[in-house]
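Two complexes are shown next, each including subunit A; its partner changes from subunit B in the first to subunit C in the second.
After this line comes the complex of A and B, so read on.
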C-alpha cells in the first residue's frame, strides 16, 4: 500500500529530517493517522516500510502512546483527566458527567460519531485541576456541570475548530497560574497539529 | 588460541576475587563463584536491565548503591555485596512486583519444575503477596505461530524473546504492545511469529509464557530423561540435549556450544524429532514377493537373500555393484558402509552425496579450512553459497552476528535475495551459469564491484562457499575457493547441507577418497553418484545398496534415478522409512536412527562431536553396522564391526585425521564441544585444483535457479506433524521483466519445462532475481530436473 502523492511526499520529507530512518516513526504515525482519521493497520504497515522497522515494532510504538488512536474517534474527543490532582478535586465526577451527557462511556465512541470520551493521565494542568481536553485543547477548573454544558454546546454548535481559549472562556473555571499562550489555529480533530513543531514534513 | 583475559581484583561479600576485566558484574561475580538471580539478562544478548532481579550493592563514594549487576561493568577495586539485608529486601520486592499479576498456575504450566521464576521465588522471594486486588486475565493461550503459544498473564516482560528476535535472528515479528498494566508481548495482527528461530524464545523465556505446541502438556521436566547430542538435521552440528519420556523423544533443547551454535537452534532442528516416533517408521524387514509386493519377512531370511544376491552380482566384477548414502548417519556407520562396499563387495562405486553438493575431495582436503568461530574475528566475510538461512540456519545466525555485532563487512553473492541481504554491506546478484564471469570481474574489482573487492582485501577474510543453487556447477565453488584462498588471512568454509556429509567424506565414502582424508591412489577408478545412476540405466551396474539415501526423491534428476532403480537387478535399502527409493527396492532393512545409536558426526568445519543413545527405537530395527556385519558374514567376510565403539577405535587408529579422536575424548570436559579434526596439512596433503569452466550460453533463454528451502517435502520433515504443516507449496519466482516479456499476468499459472520434465506452478513476482532467471524451490513437490536452461509459458 502507498498513500497519495502529497502524503508520500510529506512522508519522504519527514524521513529525510532524521539521520536514521527509524527516528521518523512518531511523526509518520501522526501522518498515517491524519490520512485515515485513525491509525489503521495499513497505515502502520506503510510506516514500517518507510522506517525499516517491522510491523510489530511499529505497533509497539503506536500502542504505547495514547494519542495514537488505533480505532476511529468521534468529531470531538473529550479527555478527562483522572490523575491524582484532578482525581482529588473531582475529576472522576467530571468524567461521569461527560459520559452521562454524551451517552458515551469511558473509552468509547458514540454511534453517531460525534463524541469519543476517555479518561486521561495527567495532562500537565494540575494547578487548574480538574481539567479536561477537547481534541487536546485544554480547559481548566471544570466542574461536572461545566462538563455537561460543554458537551451540550459542542453538540448544538458543532464548531469545525475548537480553541482552548474560547472554551476556557465559556466553560472553564479557575486557571492555573502558568496558562501559556494557546496555539492560534485551534484543533480540527483528534490528530494533533504537529506542524508548528517542524516535524510535519511541510515546508522546511 | 584463546587469549588470556586481563584480570582485575574485586571484593565479593568481603572476599577478594580475580575476575576478567571488562565483564559485567553479574558475570564477574559468577566467575567468583556467586550466583545472582536474574531474568532478563542472557549471556548471549545485550543487557537491558529490565527486570531488576539482579540488584546487588556496590560500594561507592556516596555509600552503598543498589545496582543492576547485569548492566554494570566491573572495575578494579570494586567492592560488592550480594547477600546484604538491603539486597535481600530488594530481591523480595522485585519478586513481589513480578508476581503481582502472575497467575501462579505452575501445576498446569510446562515450565513448572524448571522455571527460573518459580525457582528464584522459592530461593529469594517473599512468602506472601500483599496484592488483594483482582489480577489481570487474558484468554489463554493464544497461538502466535504454528509452533509457539503465548500465555500473556505469565509473562514478566523481560524482553528476552523480543530482543532475541530483533538482535539475534533479525526478524522482530514479536514486540511489546500497549502500556503500563496492559503491556503484553504480541505479533502484528495477521502476521504470525513465523520465524525459523522461534523455538529459541521458548527456551529462553524465563517463565512459562511462551510454550511450544509439540511439547505443551506432554511431560513434566522431572520425568524427562536427557542426553547430550548433536542435531542431526544439517552440517552445522548444533549441540543439543535430547529429552524423552517413556521412550519417546519429546523435545530438543539447545546446548550452548561456544564455537558452533552458542545455544541457539533453528526450528527445523529443534522440532525435527517427531519423525523418530512416527508410526511410519520401518519396524520389520521387507522382501519383494513373487507378486512384486514388499512383504514383511524375518531378519534371517532378508539377510540371507541380500547376501546371496549381492554375492552373486559382486562375483561378476567390482563394477557391478554400488553403494549410495551414508551422509545422514554417524561416522561409524559411514566407516562400516565404506568397509562393506570396498572390502566385502570389492567395489569402489560409492558416493555419500547425490551429485548435489561439492566434490568430496574438497570437503575432506581443503587447505586453510576455517572454523565457524573464525567469524568472531573476521574483518570481511564472503558468502557465495546457498541461502544460509534456508540451508544452514544457525550458521546464518553466526554470520549475522559477525555483520551486526562484530563489525565485519559482509559480501553476499547469490542469484536472488537471501536471508543475509539486510545485513550485508554488498549484495551481488548473478544469473546462474554466469558465475565464472562474475568471479573474474570480482577478482579484478571492475566497475561496480570495486568496493566489494576493496573490502575483500582487508583480512582476516572468512569465505563461506558452496553451490548457491543446484544448477550452479560445483567447479564454480572450487574456483571461488581458490580465489578466496589468496585473500589476506583467509580461512575457507566449503558448505553443503546434508548433516554428516563431511563425516562421510572423511570416512572415504567417495570413489576418490579413503578414510581419514586420504586420497585414493591414482587410477583407483569407481563411479560417483551420477556414474552409478547412469551405470544402472546402461546395465553396467546391476546391484545397489542404499544407506539412508533416497535418490528417487533427492537426486536432481529424479526421473533418471527412478529409471536407475527400475533397471537395477537387485536393490537393498537400509533406512528408517519406506521412502520412494525403498519402495522400489527388492529388500528393505529397518535401521535404528538418531538417538537410537551412539557414535560421532563431523560438521562443516571438520568438528567431530558425539551423538548419544537415549531410546531403544522400533523393536524390529537394528543398528546399521550390525546389519552390514551380518551380511558380510553371510558372504564369508567381516567388516570387524563388533560394536560401534570398536569401529570408532579402528577409525581413530587407522584414519590419519581422526587419530586420537575417541569417544572417550569427546565425552568429557572440553571434548564435549567437539574436536576439530586436523586439516590436510596435519595428515595427508591433498590439494584439489579447481578447473576453469565456461558457463553454457544462455542468450535470450531463461535459466533455472533451483535452491532449497528450510521446510520442504523431505521424508524426515514430512514425518513430523509440526514441521510438515510449515512446508509451503511451490511457486515459480519470475522476474517482473520476464513476466512482461513472456506475457504472464500476476498470479498466473505457468508451465516450466527443464531437463527432467515440466511442471505447472503458480507464479510469484520476484524483482530480486536477475532478469532471465526463474527460481524454483527444490523438493517442494515439483521437479523439472536441474539443467540450467528452461522454458516457460503461461497456461490459462
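After this line comes the complex of A and C, so read on.
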C-alpha cells in the first residue's frame, strides 16, 4: 500500500528532515493518523516500509505514546486536564460537565463518532487552570458551563478546522499569559496542527 | 528589576515572536559579532563563567556539561521542550512568545560545540508553540541565520523541530533521545552519558528551552555579568510558573534569593479569598512539599535543597486550607503511575500500589496500617527515603512518586488518620 501522491511527498519530506530515517517514525505515525482519522494497521505498515523497521517495531513505538490512537477517535477529541493545578481549581467538574453534555464518558468515543472525551494530565496551562484541549488546540480558564457550551457549539457548528484562538475567545477565560496575535491555522483532526505534518488548517 | 528572557514579549506583546521584531530589538546582533570574531572556545568560556545552571529540573551547571562533550563527530544539540511536569508552563511561553531568542541561543551554542544539526523536541500537546517555533526556524533559514555558510562565516547548521506524542518520560534526556531515534521513550542506563554517547550513539548535549534562551544574553553581555545577578549558586534570573490557589497565577521571571513569602504573597498576590496557605509544591510535581514553616526560606536552588526539596522545573503549586492533602497527593501519584515507562519494577509496581492505597484512603476505606504501608512501598522505590533520593530505578521518575507520600507523612499525618478513622475526608 502507498498513500496518495501528496501524502507520499510529505512523507518523503519528513524523512528528509532527519539524519537517519528511523527518526521519522513519530511524525510519520501522525501523518498516517491524519490520513485515516486513526492509526490503522495499513498506516503503520507504510510507516515501517518508509523507515526500514519491522511492523512490530513500529507497533511498539505506536503503543508507547498516548497520542497515537489505534482505536477510532471522534471528530472532536476533548481532553480535559485533571492534573494537580487544574484539579485544585475545578478541572474534575469541567470533565464531568463535558462528559454529561456529550454523553461520552471519560476514555470513550460516542457512537456517532462526533466526540471522544478523555481526562488528560497537565497540558502546560496551569496558570489558566482549569484548561482543556479540543484536538490539542488549547482553551484556558474554562468553567463547567463553558465546557458544556463549547461542546454544544461544536456539535451544532461542526467546524472542519478547530481554531484554538476562536474557542478561547468564545469559551475561555483567564490565560496563563498573553498569547499574542490571533492565528489563522487550527486543527483538522485529532492530530496536532503542525505545518510539516500538513495538519494545520489554512494559513499556517 | 532584572529581566533577561521576558523583556521583548512584555514590551511587544503583539509581535515579539516575529523575526522583524526580534531584529528591531537587537536580535541576532550577538550572533553576527560572535560568528565574525569569537572562537567557539571563547563562547564555552563565557557560559562556564556565567555559572548558568540548567533549567530543566536537575540544575546541572551548563558550562560543565558542555565541557564533557566527547571529541568525536558528528555531534548533536537537542533542546528539551517536552515540558510535562505538572505545574510547569514556562517553556511554553518562551517557545510561543520569543522563539528567535531560543534559535539565536541554539546557533550560538551549536557554533560553540561544533554541532551542525540541532533538534528542538516539543511535546505533542504543544502544537501552537511548535507552529511558532517552526515558523521562526523558517524565517531564520530565509534570513541566512540557519543553513549553509551562516552569515558568510563558513559555519553550517540545520535545525529540526520534532513533536512528541504524549509521554512525560520523554522529558528525561535519554528517553528523549530514544524517542528522537524513533524508539519507545524508555530511559537509558547511564553511563554512558549523552555527552559521550547520545543521539545515534554520538556525543550529544541536551539542554532545556529556558537554559538555551539565556545564551544570547550571556554571550552578548559576558559570563561575568550574568554571574553578578542573584545569589551564589542561583545566578541569573529564572522563570517560575505559579499556579493553584493564588490570586495572580502566571509565569514570573525573577532574580532568585527572595523569600517564599515574598514570592507567593508578592508576585502571587496572596491566597484566593484571603484563605490560609496550607502547603505548596516548590519545584514541580516531583518535589517534596513545603508548608508554612518554610515561608521565610530563601528561594534559591541550594536553600530549597537544604530543606529536603528542590526547585526542579520551577513550578510552584499553591494549595489553600480547603485542599484535601490526601486527594492532592493522590493526584500527583496518579500522574507518576500513569507516566511510568514500565521498565523498572519498583517504579511501575510501586507507583501503582501507592495510587491504589491512596485511593482507598481517600474513599474512606483506609486501614490503620496504610500510612506505614505507603512509606514501606516508598522505601522500596527510594531506599531510606533520603534526600536527594537514593534510587532503585534507571531514572528519577520512580522516586518522584514518593515525594507526595513523604510530604503528607511528615506534615499531614493527622489528616491522613482522620480519613482512615472518619470514613473519608474531614473537609467534606
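The definition used in the following text is that the second predicted complex is superposed on the first by the 189 of 204 C-alpha atoms of A that agree within 3 Å, B and C clash if a C-alpha of one lies under 4 Å from a C-alpha of the other, contacts with A are read in each partner's own complex, and residues count from 1 in each chain.
We adopt the following convention: a residue touches a chain if its C-beta (ideal position, glycine included) is under 8 Å from a C-beta of that chain, and two chains touch if they have at least 3 such contacts.
Everything quoted here is computed from the prediction, not taken from an experiment.
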Joint occupancy of subunit A by subunit B and subunit C, clash or fit: clash
Subunit B versus subunit C as contact partner of A:30, first or second or both or neither: second
Touching partner for A:149 - first (subunit B), second (subunit C), both, neither: neither
Which of subunit B and subunit C A:87 touches, first, second, both or neither: second
Touched partner set for A:41, first subunit B, second subunit C, both or neither: first
Contacts of A:114 with subunit B and subunit C, given as first, second, both or neither: neither
Subunit B or subunit C, by number of subunit A residues touched: C
First, second, both or neither for A:59, with subunit B first and subunit C second: first
Partner chain(s) touched by A:13 [first = subunit B, second = subunit C, both, neither]: neither
Clash-bearing segment of subunit B relative to subunit C, given 94-102, 526-534, 562-570 or 670-678: 94-102
Doubly contacted subunit A residues - partners subunit C and subunit B: 53, 60, 64-66
Complex contact set, residues of subunit B against subunit A: 166, 171-179, 186-191
Residue ranges of subunit A in contact with subunit C within the complex: 17-20, 22-27, 29-30, 51, 53, 60-61, 64-68, 79, 82-85, 87-89, 120-129, 133, 136-138, 164, 174, 176-181, 183, 185, 187, 192-197, 200, 204
Subunit A residues within the subunit B interface of the complex: 41, 44, 53-57, 59-60, 63-66
Parts of subunit C lying in touch with subunit A, wherever the complex brings them together: 9, 13-17, 74, 83-89, 91-93, 96-97, 117, 123-128, 130-131, 134-135, 160-168, 179-186, 200, 241-245, 249-251, 281, 285, 315, 317, 319, 323, 327-328, 331-332, 335, 338-339, 341
